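Letters are used for the chains, namely A, B and C, taken in the order the chains are written, and counting of residues starts over at 1 for each.
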Amino acid sequence: MTSIPRDQWYVAAYASEIGQELFSRTICGEPILFWRTRSGQVTAMSDRCVHRRFPLSQAPSRLVDDQVICGYHGFTYGTDGNCVAVPGQTRVPRTARLQPYRLAEQDSFVWVFIGDPGKADAAKIPRATYLDSPDYTTVSGMEPLKARFSLLVDNLLDLSHETYLHGGYIGTPEVADTPITTEVDDEHDIVYVSRHMDDAECPPFYAKSTGLHGRIARWQDIEYTPPCLYKLHSRIAPVGCLPNADGSDPDAFHVEVVYAITPETEHSTHDFWAVARDFALGDEEVSAFLAENNRTVVLQDVEALDVLETVISTEPMGYQELSINIDTGGLAARRILRRLAGEQVRAAAS
Amino acid sequence: MTSIPRDQWYVAAYASEIGQELFSRTICGEPILFWRTRSGQVTAMSDRCVHRRFPLSQAPSRLVDDQVICGYHGFTYGTDGNCVAVPGQTRVPRTARLQPYRLAEQDSFVWVFIGDPGKADAAKIPRATYLDSPDYTTVSGMEPLKARFSLLVDNLLDLSHETYLHGGYIGTPEVADTPITTEVDDEHDIVYVSRHMDDAECPPFYAKSTGLHGRIARWQDIEYTPPCLYKLHSRIAPVGCLPNADGSDPDAFHVEVVYAITPETEHSTHDFWAVARDFALGDEEVSAFLAENNRTVVLQDVEALDVLETVISTEPMGYQELSINIDTGGLAARRILRRLAGEQVRAAAS
Amino acid sequence: MTSIPRDQWYVAAYASEIGQELFSRTICGEPILFWRTRSGQVTAMSDRCVHRRFPLSQAPSRLVDDQVICGYHGFTYGTDGNCVAVPGQTRVPRTARLQPYRLAEQDSFVWVFIGDPGKADAAKIPRATYLDSPDYTTVSGMEPLKARFSLLVDNLLDLSHETYLHGGYIGTPEVADTPITTEVDDEHDIVYVSRHMDDAECPPFYAKSTGLHGRIARWQDIEYTPPCLYKLHSRIAPVGCLPNADGSDPDAFHVEVVYAITPETEHSTHDFWAVARDFALGDEEVSAFLAENNRTVVLQDVEALDVLETVISTEPMGYQELSINIDTGGLAARRILRRLAGEQVRAAAS
């Protein structure tokens, strides 16, 4: 594992995915077992019995009273990963312990820390508060990607692809035509990419959900906190309508599009996506429309990125790609990701 | 091939599988062609034409009068593997010869010697005479395993897994709870593992076949002769019923469970299984029940071991597992297998 | 890529396969995009956008007025491979250029030059003029082969396999029995293999198409120009019927069987086949019969060669095959192919 930054927080799941049964997901190459205890806490540990490697999430392994019993030989572990019973003897070896993981449940996600638990600081997890705010209505999902996570980072940092790959959904000519501005906050490792279209066609995704038609002002403000959390602040308003001086913006529609980009392995990714809106809050029809449409858009990306992964895996070594202005944000993101991955390598070496 | 011992006898097939047609099976990575000659003898040779590698077991290759004719260019071989005809010329090159294999048909199996034929001594093949004895009735089968053979050795040497993986079939709590005794015969390379349960629940596998109900005495005496032959002497009797001083044991039921563990490749295995009983000899219903139940149990193992193979293939190098008392037999078996594989490597080096 | 000769012409497609839409085929490991311009010319360039590698043949990429627009971010290329437009800016980087390929449309094929375009000399492409001559009627096809191209070269240079692999179609005992003569033109790198059967059984392929029955004279004259073009001049005539002294041959039937052997990757091949005849020119029934029969024969080869590729990929290093007289032509072809591949390696090194 060289390209995936370690000592980092990653989204492992939606909080709603984890209940009082065994749940397994591989994060950054590590198979992790999750469950929610009877007291409602999520717990996480290595999904591989210390004895003969059997996955603890695999039947006939089972959860009994907040303890997981291995389905192969019955090794039994508590919520802290410590082994509490083994077959054929009463003494449990002291080293019989599953690696536990640091967790945080926040903004509808379960975050897991991959790397040295001593470095885990939950205060550093980036926020996306609208995802469980009463002022927003959110639809969400997760699509498995058979491509390295950096291809999804490239994809999301350069939205000019909406015009071509997502035409008829969220793309219009103005997205590709309008130049971007990029800013990098080197202190907090955040990449900002903005594209403000002041007079643009309204794509079906926004026309049908907001009721706006004809020309619109459409702002896209990206905020990416490597490695995992990507937020697109999308503002839709009638042409000429600006936010007020005090920041209030009553005549605009705001859509917060969030992606959590979590490597499953070096060559596959969990592509979490969520769409939070501050309008039509109780309108189930709008929710259903946005959910289905955004999933279609995500699947268009998945199809394209899966192809790129195959292309990369068969191309000759040292192939050089060509970058232009639209890639400024993506290249900045790559630099940060390379540095984060490198820090981990240097730390391991010293 | 480093983990598979060579210069060893392996079960290639049940004798009943090989008739007067071409039959191919890969043993220890070597594709081998078998057929039974018109005189009833099994013959075995490399299943790859010396000319352009075409498999001699593959149509339109065919057997004519104890000679196999290659389906690609017609190279023709006799039962000793020697080439007797080639196309377009009458002279047959002297080196045109398929590698022949040493064979032995014994105890319902066809054994094949993998390695240097000069070292093959059929007297050293371990016996399982009950498999074709009139005093026993036997059911048997073979399941392909997509896992390295050592995972099956581990599995069979530690029967505490019956309680968890085979609950409802052959497992009861007492199997995992009862300590084992292990003995290693270093002179003959045999591992013995015994577990005598004097007062145990009778699992369905034995209840339905013997008619015994309630508590039983259940003895499991394993005798493993690496690399291939595994025998489990299983004794079922009413609680308190012991064998007589002269060794006779008229009130007990004896089930001889035999496994032949034959590597197909480094990462796949032929899992031969047989169940011989000394009771209800002519009872077809008992035979059908034991055959179906044991196959189910074997498939539970296959499913678990196939998963373990995948786990191992994706885990980081140098992963350490943890062993306890129940693993004493399995660890002894691994030591012998490592030594046998190492001898072959040293012999090749010198 | 070490076994595939570069700086060579290969058949990429039938001319009829390429119209005014995007068409992609991988040749010698290089994915190539083809289309026919509005003026009727075939054009070819790398099928991978210079920006982020997206295949230009993949939807939603599309062709508009002889320009291809990438379906990911809209990079747009002309028929010469030069980029003419990129998103978000008016300046197009000078290095934004797809690798163009030298092409020749000839004898019903589109030939592409793989390697250094400066070395491409279309005059050196071998001819098969009958494939679009009015004096012949041709049926043709292409079958994908999951085997290295050299296995198909072996197969076609030694037709004794017709007797075994294609019995009942084109094989009779005489093919394997009749010795061959082989000649190598070292100046022009052509291998000739001839087998003249003066009194042979007429196989169904020729009996049904020519109407000849009983014994025939059957001549097979192979002419292989490595790496790609293979021609089999097949002459069928009543026994004793010879060509006239002036070369005319009015009582014989001539079938020109052509193969173009084009590596797709190191381990897969495009197997183009064509059958041209100088008799029954307008007879649709004969055309349909020959097309279906030859395709069946090709698929018999495909099945056998796919198996051989698997055999080779699992055999130990350094496996030695055995060759006899029938292999003289194939061995000569291998020598030339090795030299052609080696020249390229030496050129790259210097």
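We adopt the following convention: a contact is a pair of C-beta atoms (placed from the backbone, for glycine too) under 8 Å apart; a residue touches a chain by one contact, two chains touch by 3 or more.
Here the structure is a predicted model, which means the values were calculated and not measured.
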Key: Shared interface numbering between chain C and chain A [over half = same, under half = different]   = different
Cα-superposition angle relating the copies chain B and chain A, to nearest 5° = 120
Query = Quick one: chain A and chain C, Cα centre-to-centre, how many Å?
reply = 48
Ask   = Going by the touch rule set out above, which residues of chain C reach two or more other chains?
value = none
Key: chain B-touching residues of chain C, taken from the complex the two chains share   = 154, 158, 160-161, 163-165, 167, 176-180, 304, 307-308, 311-312, 314-315, 319, 321-326
Ask   = Considering the complex alone, what residue numbers of chain A touch chain B?
value = 29, 31, 48, 50-55, 58, 60, 69-74, 86-89, 93, 95-96, 265
